[in-house]
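Next up: the structures, one after another.
Each of the next two complexes has chain A plus one other chain: chain B in the first, chain C in the second.
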Partner chain A sequence: MTISAERPVATSGGATTTTERVSWTQRPGIWSQHLGTAIVGAIVGYLLGHWLGNAIASSYPYVQNSGQNVIAVTLGEIFGVAGWLLGIGALNYPLAKLTGRQPAKEVDVQGWSKYFRYSTNHKTVGLQYVVGVLLFLFTGGLLAMAIRTELLNPTTHYFSADTYIKIVSEHGTVMMMMATSIVVGPLGNYLVPLMIGSRRMAFPRIEAFSFWVFTAGYMVIFSALPLGGFPTGWTGYAPLQTQAGPGMIGYLFGFAVIGMGMMAAGFNMAVTIINYRAPGMTWSRVPILVWSLLATSALLTLATPTLFAAGVFGLLDKTAQTAFYVNEHGGSAYLWQNLFWFFGHPEVYIMALPGFGIVGEILPVFTRKPLFAYKVGAAGMIGVALLSFFVWQHHLYQSGINPDMRPLFMLTTELISIPTGFIYLVGMGTLYKAKIRFEIPMLFALALYFNFLIGGVTGVFLSDVPVNVTVHGGFFVLSHFHYTIMGGLLFAFMGGLYYWLPKMTGRMLNKKIGLWHFWTMFVFFNLTFFPMFIIGLLGQPRRVFTYAKNLQGLNDFSSVSAFLLGFSFLIFAFNMVYSLWINPQKAPANPWDSRGLEWQTANPVPSYNFERIPVVLSDPYRYSEPGAPAVADLGDAGLVHAAPQD
Partner chain B sequence: MNETHHLRRMTTIWVILSIAADLLGWFVLGPHMPPGRMTETAYHDQLDFNILLMAALPVLIGVWVYMGYAITVWSAKRAPEPVGGDAARGNRRAQALWISITTVATLGAAAFGTWALVVDHGSGGGEGPNPIWAPGGAAQAETAAFSPNSGWTPGQALPVQVIGQQWKFTYRYPTFGGFETSQLILPDNATIVFNVTSLDVIHSFWAYQLGVKADANPQVNDVAYTETKQLGSFMVRCSELCGIWHGAMYNSGQVVTPSAFQSWAQQTEAANAANTKLLPPFAWTYVPDANGANGGYYPNGKATPYSSVEVYGSKNPAS
Partner chain C sequence: MAKVEQGYISTPEEEEFELRAHIGSVWSGGRLFIGMYTFLLASLAYTYFYLRSSNSGNLWRPNHMTAPMSFGWGIVLATALAAVLAVYGQWRFRRGGVADWQVAGWTALALLLGALMLQIWELTKLPFYPGASGYASSFIGWGVFNIATLIVSAYWVETTLARGMRLRTEIGGDRPTLSTHPSAQSFRANVASMTYFMGFVGVGAAFFFALFYLI
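Moving on to the complex of A and B:
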C-alpha cells in the first residue's frame, strides 16, 4: 500500500493551482527514497541474491581457488542492481502499473537533495550525469596512473602480474563505459530539450532510469575487483573469459547493465529529437550537436542490444553451463568476437560523433561565422553512423576467420574516412577568414581537430591489412584509439563543459585556471601518447607488464608525461571547486554571445525551460548578419535576436 | 589580403613542408621502418607502411598548416565582429573538391591495400584454416606435414606448427617426425607455412621481424605464410591478451642457412625422439583436456563427441 499525502504543487509561474497525491517515497526527508536508500537496497539485494544462489546451487562446483559460487555471485549482482533501482525509486512507477494501482505523482524536488534522488527533470539528470561521468573518468584515470607506474621499468615491478592485468582490464572497461555516456548523458540530457525548444525529454522516467542504471553499472564493474578481478582487458575475449574467475561476472553483468542504460538513453534521445522539436525547428535548423546526438542515439539503440546479448550469453556460459563461446561443446569463441565488435565498432563512433557535434557548436560562436557546410556535416554524421555497422571485422584481420572478407572490410573501413572528413571540412571551412576568439572552449575545439587528425590518419594505417600485421595488438593501436577517444571526445567534452557549465550552473569557470588546465592537458596528452606510436612500431604489445630494455626510455617519457597529464585533471577539478564554490562568479545569461536557443533562456534555466513552446524562426549560426532574423519567438520575452555585440 | 594570397601562401608552405617530410620519411626513416626486410612479407609490409606514410604526411601537414595559419592570421585582435562576405558563404566548389579528393584517396588506399594483400600472399596475416592467397609450394607443404619423415630440402616450403599455450609458444616440425620444441629455427630463402593453433585461450603469434601475425585459437588452424630473405634472429611475442603472464609470453627465433637448419632439425628430432612418442600424433588442432582452459568437462582425457582431433593433456603431455 502506498502511503500518500496531499501536497500542493506549484506551477512554473509560482501560483498554487492544484493538489496531487504524492507518495511518501517522494517527500523530502530521511525516510523518502534517495541515494541512501538505494545503497541500502543494493546491499540488501546483493546479500539476498548471494544467499539465494548458495541455497539453490549449493552443490554447484565453486570456482577454483576463489571460494565463490558463480550462481551466488551472479544472483547477488542481479538482486543488488534491482535493490539499487528499487531503493532509488526507479521501480515505483512500473510496479504501481503492474499491480493496477495509480502511480503517485513525481515531485520536482528543489534544493541540493534533488541530485541524490530519482529526478525526472532533464536538467537535474544532466547535472547528475556530469558528476557520474567525472567519477568514472577520475577512477579510470587513477588506474591509468597505476599502469604507467608499472611500465616505468621493464624489470622492477610495482604490481604483481596478476594485479597489473586486473588494473589494465578495469581501466579499459571503466573508461569505455564512461565514454559511451560522457556527452549523451550530461550534455545531451541537459541541452537537447533546450536546443530544440522542448520543455522536457520524451520519456523522463526512462531518462532518470538511464542515469541510475549507469551508476549501478559503475558499482557492478568495480565489484569485479573484490571478486578477484578479471584478466581479459575490456574486450573480454573467450575462452579467457570462460576460464576467468567470478570477477568476470562483474564485467559481463556490468556491460549488460551499462548496456541497458545506453539503450534507454539512446532511445529516449532519438524520440525526443524526432518528436519534440519546437515549431519551426526544421531539420535544416537543428543544431549540429543535436544531429550528432541523433546519429549517436541510433548507434546506442541499434548496436547496444548486441553487447547486452553477448554479456548475457557469457553469463549463461558461466552459470547455466551453456556453451555459446565454448568450442569443445559446439559453441565458438569467434561468436564473442563478432558480437563484441559488432557493438564495439559502432561504439567507437558513439564516442566520436558527440565530440564532433560539440566542436560544431563552439566554432561558429568563437569565429563569428556560420557553420561551414552545415548540411555536409550533418550528412557526414549520419554517414559515419551507417557505415560503422559494416566495419567490425577489421578488428579480426589476424583472427583466422574470413580471409576473403578482408578486402571488403578494408574498403568499408577506409570509406568511413570520407564522412569523417566532412567534419574536418566543416571545421576548416568555418575557420577560414574567421575572427577567432581564443576562449577556453575554442582552444579545446581546436585541440580536437589537431588530435583527432592523428587518430584518424593512423586509423587508415590500421585499416590496411598488410600494415595491420605489424600494428595490430600493439601500442600503435593503443595510441591510435587514445588519440580518437581521449584526444577527440574528451577534449570536446572539456570544451563543452567550459562552454555550457555557465548555463548549467550559473557560474563561470575561471579562465586563468582554465588556460593552465588546457595547456597542460594538451601538451602532456600528446607527450604521453605520441611516443606510444613509436613504442608500438618497435614491437611492444599491449597489456604487457614487461618489455624490451631498449624501450625503457620511451616508456619512461610516456609515463612521466602521463603523470603530468593526470595533474592537468587535478587542475580541472580545482577549477570546478574554485569556480563553483570557493570564488563563484555569476555567469551572464549568454556569456559567449551565442545565437543558440539554449542560451536564450534565463540563468538559471526555469524549471519548464520556456514559458511557452518557442517558435523557431531561423537557424542558430547566422553570425554573419547583424540584422539576422530572430532565432525564435519565445513568447512573453519577445523575439530573441542574436545577442548584441560588444 | 585577398583570397588568392591566403591560399597561395598556405599552399606554398604546405608543398615545401610536405616534400621535405616525404623525402625525410622515405629516405631516412623508411628503410628503418618496421618490420624490416628479413622476409618477403616484412619487406612488403614495410613498403606498404612507407607508401601510406607518404600519403599521410601531406594530409597531416596540410591540416596543421591550415590551422596554424588560421590561428595566426585570423585571430580577433579586438572584440569580434560578424564575419560577412564570401568568407561566410558555404563554398560549394570547395566542398565538392574536398569530398572528391578524400573519396579518391580513400578508394586508392583500399585498392592499393587489396593489391598488396593479394600479391604478398596474405601479407603474413593469419588466413585461417582455408587460406586463399597461398604461395607456390604451400599446398605440398601441408600435405608433407603428414609424412613424418619427409624432412625438408632447399626449394621446398617448410610447414611449421605454432602451438600457443599459457604462457609459451612451442613449435612442431611435422616433416621431422613431429618433434616439439620451444626453439623456432627457420631456413633462409624458404617459404614457411605457419600453422598456428592454441591449447587453451586465444594467443597471437607475432614474429615481429618476419612480418607475421596470426591468432592462435583453440581448435583452429590459422595459416600464415612468409618467405625468409635474411639470416638473423627475430622476436616472437604474444600480441593477444591471454591471461596473467601474457606479458612474459615471448621468445626469439632464428633464420639460419639451409644446411644449418637441416642439421639442427635432424639433431633435435633424434634428441627429442623419446618425448615425441608421448605427444599426440601431429594434427592441425588439438583439444585440451582437464588441464586446458575449458577443461573439466571431459576429465578422462577423451576428445569431445564433436571432434575427432587429438588431445593434449595428462595422457599426452606437451613437452
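Moving on to the complex of A and C:
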C-alpha cells in the first residue's frame, strides 16, 4: 500500500481526552513508578534474594568450606534485577497481559521527570541511553586512569598485583558492555524512526525494557567490585573463572543481563527497520546508518544468545556445581573460549559497523557529495555481519586448537577484511576530490578513518598465525583493539553526538569548546595508544602490573598522554553542560543543511515525529545534483517540505 | 488501531499503513524470536557435542549415566502434544473453529505446565550429581533451558488465550477469525506466531530428548 501524495482529509477526531486507564509509569506525583521505586525495588530484591540464598545454602559443605555463599550472592543479584524492573514498571504490562488486557494508555509525561521513568517514547529512550552510555564511559574511563597510573613505574606500586588485574578486568568489561549499546541505544532508538519516516518503534515496551535492563547491567557489573572483583580480564576465561570468588558472579550475571538488553534492543531495531519504513523508503533509499544498525541488530539478536548461554553455564558451575568449564569433571575450559568468542567476534562488528554507519551519514553532508558506492557499503555491512560468525577461532590460535583448523580460520579472517575494506573505501571515495567543510562532526569522522586505518591494518597482521604467535597476549593486541573500538567507534559516536544533538536537544554544542575537545582527544588518543604498539613489540604482556625497566620511558609517555586524553573527556562534559544549560544556543531546524529525513521534521521533534507519514521520494545523499528531487513529501503539515539543495 | 493520540490525527490510509506495519512486526518478530531461541539452544547442543567429543578425563558419560527415562518420556510427550495441539488449534482457528482452538489451547497450556512440573521434579531426582560428568553438566543446562522454554511457551499460550477471550467483546461480538477489526487482525498474527513458536518448541524438545535420553 502507498500513501498517496494527495493527502486525504483527516477523518479521526482531535486530541484525545478519554478517561482510559493511564499506565502507572506515567502517572504524575508520587503515586507512580519511577527511578525511586526502581531503586527501592532493587534494594529490597537484593536483600530478599540474599536472605533466601543464605536460608537455602549456608549449610552446604562447599559453602562452609569456602566461607563464600555464591548462591546467596547470585540470588541477591537475580532478585535485585527483578526488583529493579518491577519497581520501574517494566513488568506491569507483561503481568496485565495474563488477563488478556491491552496495555494501559501511555501519555507523554512532560518535563524532566520523564527521563526517570519507563518511557515508551523512542526519543526519550534515546536520550536516556545517551546519559546511560556516558555514565558507563566515564566510570570505565576512571578505571583506565587508574591503570595508567599504576603503569607509571614498574617498581613503585599504587595497587597490588591482584587489585591491578581486577581494575583491568572491570575496565575492559564495562567498556565492552558500553560499546555494544553505544550507538544502537542512543542514536538508534532516537534516530531510526525519524530516518525511515516512522512515528514509532515497533515494540515501544521492548525498547524501554532494553534501556532499563542495560542500567541494571551497569549496577550488576559494578557490584563485582564490592564483591571482591574478578581476575579474569574481560574475557572471563576458565579455569580462572571457576576459581574466582563471588565477584565473578557480577561478571557472569552482568553479561547475561546486559545480553538481555542487547537482544531486546536488536530485536526491536530489526523489526522496526523491516516493517516501519515509510512508503517510498525502499531498501535502496535506506540511510547507511540504518543499514549498519540492521546488520548490527542481526548480530545482536543471533550472537548474543550464545553469550547468554555461556554466562548461564558459568553461573551454574559456580552455584549448582556443574562442571561445564572444569576439565577434571568432564567439562572443558576451552568450551568457554569457544562460546565466548562465538559471541565475541560478532561483537567486534557490533562495535565497528554502527561507527561506519555514522560517518557514512556525516561525510556526504560535509563534502556535499553523494555517498560513494552506497550499495557496496550496504552490501559490505551485510557481508561483514554474515562472515563474522565464521571467524571466532582466530582468538584461539594460541589455546591449543587443532592446528589443522588454523589455516581455515586464518582464511575466513582475512576474507572478512574484504567487505570491511569496501566499507572503508566507500568513505575514501566520498572524500575523493571533495571540498570539505571542517565542522566538528566531520573532524571526528575523518579521525575515524585515520585511526581505523592503523587499527585495521594491524588487525590484518594479527589474523596471520605467525605474527599472532609472536605478539599474542601483549600490548600490541591491546593497542590494536583500542584503535578500532576507541579510535573507530568512540570517535564516530562523538561525531554523531555533535551532529545529531542539535536535533535531539534543540541546542547547538559550542564549536570552540568542541574544537578543543576534538583536537585534544585526537592527539592524545594517538599519543596514548601508538606507543603501546612499540611496547607490545618489545614484549610487555597485558594484565601485568609491572614491566621491564627499559620500557618505563614509553609507558610514562603513554600514561601522561592518557591523563590528557582523560582531560579531553572533561572538556566534552563541560561542553555538554555549557551548551545545554549554562549558555544554551537554539539550534536551527537543519544546522548542517542535511538532506536526511530526520532533519526534515519540526524542531523540537513532536512526540509523533511526523504530522503526516512521509512519502519518500529519493535517497538522502543526492547532494550537488542539479534537479535532484526533495527527499520526501511531508504532506500538508507546514513542516520543512523540500530538503535544501546545493 | 485508531491513532488519535498525543495531539496527532491519522488519516485512514495512515491507520491502514500502521496496522500493516504492526502485523508485519508481529509476524517478523515471531520468526526472529525463533531465530534467537535457535541460537540459544544451538549453544547447548554445541556444548553437548563439544564435551562429548573432547571427553575430558574420560568423564563425558561414565557408565552411560542417563537421566530418569520415565521423566524424560513424560516431559517430551507432554511438550510435543502441546505443540501438536497448538498447530491443530490454529488449523481449526483458520477455519473459524474458535471454540476448538480454545479447547486445544487450554489443553496445551495444561500439558506445558505439566511438563514444567515434571522437569523441575526430575532435577530433584537425578541419579548423578551436577558436576559428575560432562553429560551431567549438559543435562542440568538442558533442564534449566527447558524450564525457561516451558515458562515462555506457557506464557505465550496463556496470554493469547486470555486475549482471545476479551477480544470478542472489544470487537463487538464478531468472530476474531473473520473480523476485519484491527485488533482481530493483530490477534490473528499473534496466534500464527505463537503457533510457529510452539512447533519449534516441540521439535526442540524431541531433539534434546534424543540427545540426552536415547543416544
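Quick notes on this one:
In this text, the second predicted complex is superposed on the first by the 602 of 646 C-alpha atoms of A that agree within 3 Å, B and C clash if a C-alpha of one lies under 4 Å from a C-alpha of the other, contacts with A are read in each partner's own complex, and residues count from 1 in each chain.
Quick note on the criterion: a contact is a pair of C-beta atoms (placed from the backbone, for glycine too) under 8 Å apart; a residue touches a chain by one contact, two chains touch by 3 or more.
Bear in mind that the values here come from a model prediction, so they are computed numbers and not experimental data.
If you count the residues of chain A touched by chain B and by chain C, you find the higher number for B.
Shared-chain residue A:Y424: touches chain B; no touch with chain C. Contacts of A:T272 after superposition: chain C is touched, whereas chain B is not reached. When the two complexes are overlaid on their common chain A, residue A:E328 makes contact with chain B and with chain C alike.
In the superposed pair of complexes, A:F308 makes contact with chain C only, with no contact to chain B. Taken together, the two complexes place residues 326-330, 334 of chain A in contact with chain B and also with chain C. On chain C, the positions that touch chain A within their shared complex are 2-18, 20-22, 24-25, 28-29, 32-33, 35-37, 39-40, 42-44, 46-47, 50-51, 54-57, 59-61, 129-138, 140-141, 144-145, 155, 158-159, 161-167, 170.
If you check the complex, the residues on chain B that touch chain A are 3, 6, 33-35, 41, 44-45, 48-49, 52, 56, 59-60, 63-64, 66-67, 70-71, 74-76, 79-85, 87-88, 90-91, 94-95, 98-99, 102-103, 106-107, 109-110, 113-114, 116-117, 120, 122-133, 196, 200-202, 204, 206, 208, 211-215, 217-222, 235, 237-248, 287, 293-294, 297-298, 304, 306-307.
Residues of chain A that touch chain C in their complex: 1, 3-4, 7-16, 97-102, 107-108, 198-199, 202-203, 263, 267, 270-272, 274-276, 279, 301-303, 305-306, 308-310, 312-313, 316-317, 320-324, 326-332, 334-335, 338-339, 342, 606-608, 611-613.
Residues 161-162, 164-165, 231-233, 235, 237, 239-240, 242-243, 326-330, 333-334, 367-370, 372-374, 376, 397-404, 406-407, 410-411, 414-415, 417-418, 421-422, 424-425, 428-429, 431-438, 446, 449-450, 453-454, 457, 460-461, 463-470, 472-474, 537-539, 541-548, 623-626, 645-646 of chain A are the ones touching chain B in the complex.
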